[in-house]
Each structure stands twice: as C-alpha cells, then as structure tokens.
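Same chain, two partners: chain A is paired with chain B first, then with chain C.
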Partner chain A sequence: MSDTNQSHSNTMPFSRIPFLPLLRTLIRQKYTFTMLVLQIALTLAVLSNGLFIVSQRLDILQRPTGIDETHTFALTSSGFTQSFNPQNSIKADLDALRQMPNIVNAVATYAFPFSGSSEWDELQTSTGQDEITVPAASYKLDEHGIEALGLTLLAGENFNTNEVLWQTQTTKTFPSAVIITSKLASDLFNTTDWSTVVGKTIYINATYGAVIKGVVEQLQAPWDAVGKIENSIIYPRVITRNSARYFIRTQANKLQETMVEVEDYLATSNQQRMIRKVQSIQTIKKQVYGPDIGAISILMVVIFALSIVAALGIAGLTSFNLVKRKKQIGIRRALGANKTDILSYFIAENIIQSTCGVLLGWLLALGLNVFLVSQYALPKLPLSYVVIAALCLYILGILAILKPAIKAMNISPALATRDQ
Partner chain B sequence: MFGYYIKLALKSVKRNPILSLLMVTAIALGIGACMTTITVNYLMSADPIPHKSQQLFHIQVDSWDPNNAYSDDADSLPNQLTWTDATNFTLAKKALRQSAMGMSGGIIEPAGDDAKPFEASIRLAYTDFFPMFDVPFIYGTAWDSQSDTDREQVVVLSKRTNESVFGGENSVGKTIVIDGRNFQIVGVIDDWQPMPKFYDVNNGGFNETEQLFMPFSLKEELELPNWGNNNCWKSPDGEGYKAFLQSECINTQMWVELPNDLAKAEYMDYLNNYVMEQKKLGRFPRPLNNRLSNVMEWMASQEVVEEDAKMMMWLSFMFLLVCLLNTIGLLLAKFTGKSSEIGLRLAVGASKADLFKQHLLETALIGVMGGIAGILLALVGLQGIKSLYGDFVDDLASLDLSMILVALSIALLSSILAGLYPTWRACNIAPASQLKSQ
Partner chain C sequence: MLKMTDVKKVFRTDLVETQALRDFNLHVGEGDFVAVTGPSGSGKTTFLNIAGLLETFSGGKYELDGQDVSNLNDKKRSQLRNEKIGFIFQSFNLIPDLNLFDNVDVPLRYRGFNSAERKKRIENSLEMVGLAQRMKHLPSQLSGGQQQRVAIARALAGEPRFLLADEPTGNLDTQMANSVMDLLKNINDAGTTIIMVTHDGELASQARRNIYVRDGKVSEVNNADISSPAQLSAV
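Up next is the complex of A and B:
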C-alpha cells in the first residue's frame, strides 16, 4: 500500500483524478449541473454565430475598392441662379483645381465608390436582343479620371482629350471608346490576358457599340445593386448639371489643408453657386458602412457581456459548491490527497462540464445558424468559429473556477473536519 | 405576512451580497440588451398613422420588362410607378383622395444680405396629400386643386424651414426664392415626422420629412431634378427631360384613400381596366398584376424593419436566456445552502405554501431590482445606438412608458419563472434530515 502511495505522490497532476466519484458528484448535483451545461451551450451558440457575423462585416469593411481612399475627397457645387452655366463652371473649376500644387488631379463625377448613386448598364459581346448580358456600373470620367481616382491601368491606354463628350443627363450620343475593370473583362471574355481584351467591341444595352480602350485592375461600383460590385465600365463623358460633384486627389499628408483651401477658393470664385458636402472619402465610407460598424459594435458588446455573465455564473456556482463540500475536501485532504489533487479535481470537473456544454452548444450553434440563414441572408457557419468559441469557453471556464479552486486547495484538513 | 416576507427577502438578499449582485446583474444585462433591441424593432415596425392605416393604399402596377420580373420573385411588382401612370391615376380621381408624389430639391435663397443660401429637399405632391395624411398646419392651408391644374408656383414650408427663413413668424402670402424662382407661400406645417416615413420608404424609411412641399405638376413645368430612387428597364425614347418623364422609368409613389372594401374593390377594377387599355397601346407587356397595399402591408412588403435589427433582437433574446439560466443555477445553489433554515421553519410549523410564497417573493425582488437596472442599461444602450447610427435614429431610440412597463414585466416574469423550480426544490426537503445534521 505504502509503495503505491509513494508512486502516486510522484505522478503528474490529473493522473489520479477519481473519475467515478467525480461523475457521481456531478450526477448528484444534476440540476445545477444541467443549468451550467445549458448556459455554456447557449453561450457557445451565440458566441460562435456572433463572431461569425462580426468577421463577415469586417470583411466587407476591409475590402479594397481600387481607388486611393486615403488621399481623396469629394464636394458638391450647386448653381442656383437661372443664368448659371454648369459646363463653364465645371471647366473653370477643374482647370483651377488641377493647377493647385497640393492636388494630384481632380475630376467631375457623380459616381465613385461609396457615393451611393449609380446607373447600371447591360453589356454583351455581340449585337442582338437575346444575347447573354453582364451588368456593369457606369462611370463617366474625362481623361483625368484614372489619375484622380488612383486607378491602376493593366492594359491598353487612357482616354485622350478629344474622345471626351460633354453632355447633359439625357443626351443619347454614346462614346466610341470605354475602359472596363478586369473583373468585367473576365466576365465578358472569359480570359485573364487583359491585352487580348483591348480593341474588342462590346455592346451596351443591346444598342450602342464601343471599343475597349483599356482595362483597369479594380474599380468598385458606387452601390452594389445587383451583387456584381467589381463590374464597372468607364465612359469618356462629363455630364453637366446645375449640381456637380468633384472628386479630388491630393498629395500625401495634404488632405486636410487642401480640403479647406479648395472650399475657400470655390466658395469665392463664383457667387452663383454654393459649395456643399466637402467630405473626405474616408468619412463617406464610414457613413456608408455606419450600419455595419454599428452592428459590429453591438455584437462585440453582447459577446463581451455574455462572456462575463457566463464566467460569473460558473464562478458563482463553483464557489457555492465549494462551501458545501468544504467538509468533504477536508476529509480527502486528511486521507492523503495533496493540494494538486484537489485543484485538478476542480479543473477536471470544470472540463467535463464545459465539454458537455460545448457538445450541446455545437448543435445549438448549428440550429441558430440554420435559423439565421433561412431568415436573413447569412452564409453557413464554418466549423472553425464553433471551435474558436469552444476554446474561448474552456479558457473562460478554467479562469472562472481558478479562484474558488485555489481556495479549495488551501482548505486545511484540520479546520474543515473539526467543526463536527 | 407580506411585509414580513419582504423583510425576510431583503435579509436573505443582503446575506449573500455578492451572489445577489451577480443575479441582479445577470438579469439587468439580459433585460437591458432585450429592451434595447425590442425598442428599436418596436419603433421601426410601429403604425405611423394608426387611425387611418387601414384606409390608405399604396398602388403597384406591373409595368416592367416583358422578359424579366421586377426582382427574382416571378410575382414581384415594381415598388414605384412611372410618372405617366401616377399622373393619370391622380387626375382620374377615382378614390376619395389621391396623390402621386416624388422627391426633388432646390436651393433656398433667404432674403437679406448676410443670409446664406441653403439646400432643401422638396416633396412634390397633389393637394390631397395634406388631408389624406392628416398633416397639421400652423399657418395657412394646403394649396387648392386649381393650383395643381394651373401649375402655380406655390409652396408649403415645414416648421423648421419657416423658422430658418422667416424666424418662425406667419409667412403665408410671402414669397420665397427657390433655385432663382419666386414661389408664393400658402401654408406652414407643424412638426410632422411619421415614423417610419411610410409614404416614401424607397428613399429611406426613417428619413426626415421634406423641408418644402409643392405641386407635383411643377415637376414637368419647371423640369425639377429627380431626387430619390429612379429605376429603368428600358432607356427613355428620345432625348431631354420630357422623354425622361414619359419613359418607362419608375420614380413616383402614389397613395390613395379608400374608406371601405367596396371602394377598394372598385379601385382595383379601375386599375385593371386602365392596364388593359394601356396594353392596347403596347404598354404593360407583363401579365395583369396590380396590387393595393395598406400602410402596414406596404411596410411589411418593403421590409422596413432592418434585418440587422431583427437579428440583434433574436441574439439578445438568447442572451437573456443565458442570463436566466445563470440566475436559475445561482438560485438553486443559494436555496440549497438555505436548506437547514428551511428545515427549521418547516419543523416549527410553517407550511410549504408559506415557504414557497416567501421564496418566490425573494426571487421577484431580485427580478424587480434586475428589471430597474435593466431599464437603466437599456437607456445607455439606446444612447449607444444613437451614437453608433447617427442622428437619423433619434426618433427610433427612445423609451416610452409602455416599453418601460414591458421591461419590468419581462424582468419580473422571467425572474419568477427562473425562481419557480429552485423554490419548489427548496421547499420539498424533509425537515428531519436537515435538522439532524446540525
């Protein structure tokens, strides 16, 4: 007997956990045990789905648009008198802006990523009503557009000045050259060799033919109306309306001062219009993604609060059990169990509880996900999120019982057994 | 007896301050999260015009592309009308009241040298708009129907516009300059912000009411810019503003007031006849499919309540459930710890019913405390939502009395439910076994 005892005291913690008595204890406290398991299961379900939604939204937020988002801003110039001439005003403004030393380039456009308003055209590679069409958001930019937006031309070339058409909103004349995004090129021609796309003719809204002059790497649509955000087509056009929008790109680190400078200049240069909505693209992006940022914040608060509640619940129950079992622990200590045994007992108990919770929670998480998928266009929950959430819960559980378990470990056998 | 139980409950709550605090916090967090999301959902799905929402109908007719339905669903209808159809429906006067409407905007130049011009949104409508939606006036009235027909440059101001241009005084009869044109003011409306803004949910269901109102017929007359959503399946035939207006593009909303089912059925007949007539002219290539939706039906079909808001509500319900399970577990533990006291009281003559009542009262007390703390948390949560989503949700993020009552009842009910089982268990012990071990 003494030999076995000897060998026991030299073994690692967890190596002599009394599993059967442990299970029996858990079964005896089946109600608190059930509550704890249910709580862990539900927490896991909410945690894994919540984390998944957060990461989905973060993906949207971080997705690149193809433009220089950090050094650009936009503003609106609205003429309000009956004698206001929009075309002269836009030409004069852009000429002046392009002369400013802090400005890389400027362009008049209603559409840019995050601007929210866009028109969509249907494109096809041959004429006729019954061809398969590919939708694309339409941009109207002059030859300065590519530099002003900060686009990367992969093949072909930019528009030249005499290709650019100055038109009113309802003019029907169509330009003969266009530039398209690489995603649109591959959708139309099923190729990734962009140089082969240049020079080909496409047909817009089954009517107008135009030759592809260049391919840009990326330019997201201003508004994802049809789930084809990477499909954009640029026409060499400037649309003149009383209310014009300018998109301006500045030198690095000159954004803030240029915004002030430009607003001051434009406000005084022509009294027949007013300058409004001078906003950096970052600001506009934040507004557009406001609901997503909001949802992320709320979910993070819920996830955090939920973890705290779950941890406090586990800690509370463990400490309460501890009070009840003080005497038993004392007896076990008196009978030869050392401090590590007591600690590992509590940790093992906690791991068993967490495991039961995690197994049930896995099912609940999938169930909740099935519900969310059916109700609100949410993709299927990948297993990795359940695993991450489960790991979090294991760690949380052990942290929660650490204090009561150490307290139990330090129960003196003499004191605990004395008050009989 | 009740007072005595309260005293006992308070004493018991105080005896385990940390445990009690834990339970109150758990309930408060759960209630706080639920109340925040329920309030947002409740306000988003509120009936904006309760006394009339059954009699107001939004018109939909299928004027869309012969080859494709308006959306993926083959039965779906365009959510707006073409300018042509909305104008025809309004001029036909087949309903008690009717108005085509659209959005535009312009720049107001206030009189005075130092006054700065500012941009204002415009609601274009017919005179029926005001009595149909019970819009309250401070000064003057709506324009008369003659102004609609004669395309007079008249305007109704919102209260805020009247304040910023005329300092809030009675401006009826005065002139206001909008985009360089003179308009005569016929009325000023009082604060009016239907929530949701049901009459035009395509252009933001929770946006602010427009700053100016003017006759819809001026859209054609003055070629006013088209603000708001415009959707086309076919580009306009020809160039210019007229071609755009007369195209198959949809950019106009249309509401009618139909006081009863008979009027509704007759109006439906009128719509069907209209479409059949138009079919002869080569328009409306799709199968006959017209719809009248009352206010709540319209908002449901347009999914005015944000999906995010609904999803958050479901998650917060689960959160409350976790908090309640937490409370049940803690109560079980607490009452188990009290078994010797319960045994003693049973032995000296208390009935099980007495003890049951006493302990239920204790859980109810915790519930009420949690509920009150939860309401405070919900207020914080709603402030948080305001700061996250910006000003436009101001009207969506406020607690009213009924919501506070709902919060308290949920807290009380859920804590009592949570307490039922632990209480029942606690009261079902054999007194002898508990007393023996002392």
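Up next is the complex of A and C:
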C-alpha cells in the first residue's frame, strides 16, 4: 500500500515548484496580476531608456580631451586703453609667464577644450568642390601650444618659430603646415599608421593646401558642432586682439598657487589691461558640463524613485497575498511542503510576474526609444540596456518579496487545522 | 505503527501556560480505524496536529511507523508527513485558485513523482471518488460533499500509511456525511490506517475503535469493534 521508496532527495529542485498551476493562478487574479505586470513593464521601459541616456551623458563627461586637465588654467587679458598694443602685450606676457618656475608652458589661444568657441573648417585630401570633406575644429597655436596644452605628439614634429604667424582676426590666412589629431588623420586617410600621414597634403575649405607636419593623439574640439569632437587641426597662428586668452600649464601640485601668482603678476605688469576669468580647466569643465550633470542627477533620482515604487508595489502585493493565503500556505505545509518549498514558491511567483512584466516592458522600452530617437535624435537603444534593466528588476523583485516570503515560510503547518 | 508515550504539549505565553496534552499514551496498529472524541478544548486537535507532525510536542516519545520523530528537523518532518500521512480537514482545505487536478497534484509534487506518475495517480484517485470528469473544475464549482471527496482523493493519491481526518463530515449534511463515511470505511478496508477526530458520536461508533480525550489525556476507551484487545494495552 505505501510507497515510501520515492524520496524527496530524488527530486530536482525545480520540479517541486508548480510553475504552470502557479501561472494559471496568477492569471485568475487578473487585476492584481495586470497591475503588477504593468508596473514592472513601465519601470523596465523607463529604467532601460533612462540608464541608456545616463550612460550616454556619462560617456560625454568622461571622454578624453587630450589635454592635461589637472594642471592647466586659463585667463583673459582685456586691454582697455587706446594705446594698448595687443601683440606686444601678449608677447611680453607669454615671455614672462614662460620664465616662471612653476609654469611648464603658456600659450595665447581663444580655443581650448570646453572654451565653447572655435572655427570649423572642411578638409579634404584633394582639391576641388566635389570632393568628400571632413570637418575639423581649428586651433591657432604657436610652437609652445603642444607642451602648454599637454598634447601627445604621435608622429612628425612640432611647429618651429618661423612657421608661426601673428595675425589679427581680419587678416586671416591659412598656413602651409598643420598638425592634426589622429582621429582626423584616420577620417581623412583611413589609416592608423600615423607616420604615413605626415608629409601628405590636405586642402582646407577645398582651396588652401597644407602639409601635415605632425599628428597628435587627441585634442577635443572646443564644442561639438557636427558630432566630430575628436577632429581638430592646429594652425601655426597667434590671433591678436584686445581681449586675449592665455592657456597655462603648471608643474604638478602647483596649480592653485600659480594661478594666484600669475593673476597678481599680470594685474600689475601692465596697467592698460585687466585680468579676468582666472579659472582652472577643471572648473571650466564643471561649468560646461553642469547641465549634463544636473540632467544625470535628476534622471538617476527618477530611476531610483521609480525602482523603489516598483519594489514597494511588489512587496505590498506580496504581503497582501501572504495575508490572503496564510491558510493556503499552512495547507501546503501540511501536505508536505518544507520551508524551502514555500520560499521557492514565492520566488517562482515573482519570477513569473517579473518575466511577464519584462516581456511587455521590452516592447514598451523599444517603443519609448523609437519616440526618443524620432523626437530628440537619441541613438538606438542597445539590447544590453534592456537586459541589464530586466536583471535589475528581477533582483529588485526578489529582494522586495524576501521579507514576506521568509514570513510565509515560517507559517506553521498546524494552521491547516485551524479555522482562519 | 503509531505509538505515543507520555506525550506532553504545553502552550506558553508571557502570562499563561496551558497543558494541551499531558502524559498522552496511545498505540494505533496497522489497519486500525480510530475515532477520537472528546469535548471542545480537550486536546483532540492538538493530538491530531502532533500525530500528523504538524506541531512539535514538549515531552514524551512519539514513534511513527517505527521511527522516533521527537527530534526531527522541519525538512525531515515535512518529508515524513508527505510520504506517510494523508490529511482530511473539516473545511476541506482545497486551494481555491487551483482546479481539482492541481489540488490533488500538490502533495504529489512535493513527493517528487515525475509528471506521468503524478497524472496517473491524480486520475486514479479522482476516479475513485467519482470526480474524474470534473478535474478541470475549481473547488468553488463543487458541492461541499464533492469538495471533501476531492480532499480525500488528494489525501490518498500518495498512498499514505495513515489518514488523519479532522471532523471530516463536520461541514456536510447527513446524506453527504454518510457518503464520505462510507468512503472512509472502504479506504480502511483496503488497508489504510485512519485516525478520525469527531464530535459526532454516531460517526465515531462506525469506527473500529473509539478513544475519548479529556483534559489532554486519553481518559476513556470505548471498544466499539475491537479486532485486537492487545492494541489497547498502551492506553
């Protein structure tokens, strides 16, 4: 009559979980089930797109500029008298600054990463209007520029003094030698062998030929005009005007004191101008990226709050179900379920709910992304973000049900014989 | 087969200590049909809970099928309960969200049977109680008597050595109660040991053996139909 040979130890762990009956039971509880699935689906849609947007913004914040951001600062020297000679002032200032012991090098330039202003030129490998062009932000630097900015020269050589022309904004000419970034070289010549690029001629704005004298590893454009922020070209030029900007690189750990020293010196060395906007590059970077950091913070708060609301929803519903099914759990225990079976039951129930939510959320996430792509020109949502968001929701769901589930597994089987 | 020696059960709160069972002695042999009667609060349900391994006890010794169960952990107790004991409850205790098939499936799944074996057992046991045609119905679609028959099918599907029934006809009208009682007698005739807690003296008289519980003790034995007097020796 009895069959005690079949032992619990022969059982596969998952075969003790009644997945199909559980699914049928959940479907019968249509309102609570639908609500929870919708909540998970909406959370997934927002979470995956939100994480993607945050990641995109973080990529922007963390992209390398190629310059020494830690030991550099900039300032503005504005001449205000009729007799102020900008070229003489710049020359005198730079000569003096380069003599200071804490300064590695200094250069006069209106453009540097985060300065937010530069000209963009169209470059091509052969002359003519119909050729394919590559845009590049143009920097005007003298032979001290590479060292002052802290750039890395990969191939070729720096400008020499004779190549550098001093000119005003109205007497603009294009140079015969240029230095370009490796990304620009790659876009122009489709190569990563930078030494083969050196010596080649490129044409600026379809007309002006210039020989590539050197290739620097990286120099981020001052602003991202056309989605080509790594494409920069350096002309051996110094532009003079009443309001000049100096970019100064200091020795390690000397930034703050050098900023004070330089400001004090320049403020007194020439009474015909005033010194303004003495700011470290990191400060300027923070100001430039402030809106991005703000957007990321707000988005993270929204994502976090939404996740908490979802977790509270799951936990609340599980607790409610626990109260409703206390007797049922006692019956299951009386019929042979051990504590692990009850815990597994709750986890399985949560996984089924989460899976339904994730499948629906997947569609919603793609729909939301299609909307964002069409309205705000965002890139297409990679699958990995949906997968990561889904995993987060699975973990969140299990954490949310853990407390009620542990409570459930401690329900006594004797409850089956009590009238509740 | 089931032997309790000086079993005690004490319920304690901060203020009160209640002795639900005191020196409870009972020996139930294989194939017995024991009716347990007694007034409310006498300890009948506590005895049934301890006998069914639903509750632990405070002292004494309890041997089930030759195995001392005094110090088993929860997992082992759950396993023994699942393998050796079938339960029939007064309020049927079917799971309302599951259809009849899935209700009978509950203990079989914890037993570890494969799906083909479970299906065979579910169909056979529902067939035995005359409800094979309604296995996709929910409990709410059945009468009380039919629900209790499903509960009996669930209890028997795993072919337990013991059937513990807690007021199995308490929620049924006379006709249905008799029908359930006939079913239990048939099951007992087929060899399953049954212990039934009841308030109903008429129902108790249909058992092979009666015990009376008062103040947590087996205080009286009424041999309605005793096949072996030696079985009472432990009382």
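We adopt the following convention: the second predicted complex is superposed on the first by the 374 of 420 C-alpha atoms of A that agree within 3 Å, B and C clash if a C-alpha of one lies under 4 Å from a C-alpha of the other, contacts with A are read in each partner's own complex, and residues count from 1 in each chain.
The definition used in the following text is that a contact is a pair of C-beta atoms (placed from the backbone, for glycine too) under 8 Å apart; a residue touches a chain by one contact, two chains touch by 3 or more.
What you are looking at is a predicted structure, and each value in this text was computed from that prediction instead of being measured.
Of the two partner chains placed by superposition, A:T127 touches none, neither chain B nor chain C.
Looking at the shared chain after the overlay, A:A337 reaches chain C, while chain B stays out of its contact range. In the superposed model, A:T152 lies in contact with neither chain B nor chain C.
In the superposition on chain A, A:N160 makes contact with neither chain B nor chain C. Looking at the shared chain after the overlay, A:Q251 reaches neither chain B nor chain C.
More residues of chain A lie in touch with B than with the remaining chain of the pair chain B and chain C. By the touch criterion defined above, A:K172 lies against chain B but remains apart from chain C after alignment on the C-alpha atoms of chain A. When both complexes are overlaid on chain A, the residue A:S384 reaches neither chain B nor chain C. Against chain A, in their complex, chain C makes its touches with residues 45, 48-49, 52-55, 74-75, 78-79, 81-84, 87, 89, 91, 93, 95-99, 102, 105-107, 109-114, 154, 158-161, 166, 190-192. Listing the residues of chain A that touch chain B in their complex gives 31-32, 35-36, 38-39, 42-43, 45-46, 49-50, 53, 78, 80-82, 169-172, 205, 241-243, 274, 276, 287, 290-291, 293-295, 297-299, 301-302, 305-306, 309-310, 312-313, 316-317, 320-321, 323-324, 368, 371-372, 375-378. Residues 1-4, 6-8, 10-11, 15-16, 18, 21, 24-25, 28-29, 327-328, 331-341, 412-414, 416-417, 419 of chain A are the ones that touch chain C when the two sit in their complex. Chain contact summary for the complex, chain B toward chain A: residues 18-19, 22, 25-26, 29-30, 33, 106-107, 109, 116-119, 179-181, 225, 235-236, 238-241, 243-244, 306-308, 310-312, 314-316, 318-319, 321-323, 325-326, 328-330, 332-334, 336-337, 384-385, 388-390, 421, 425.
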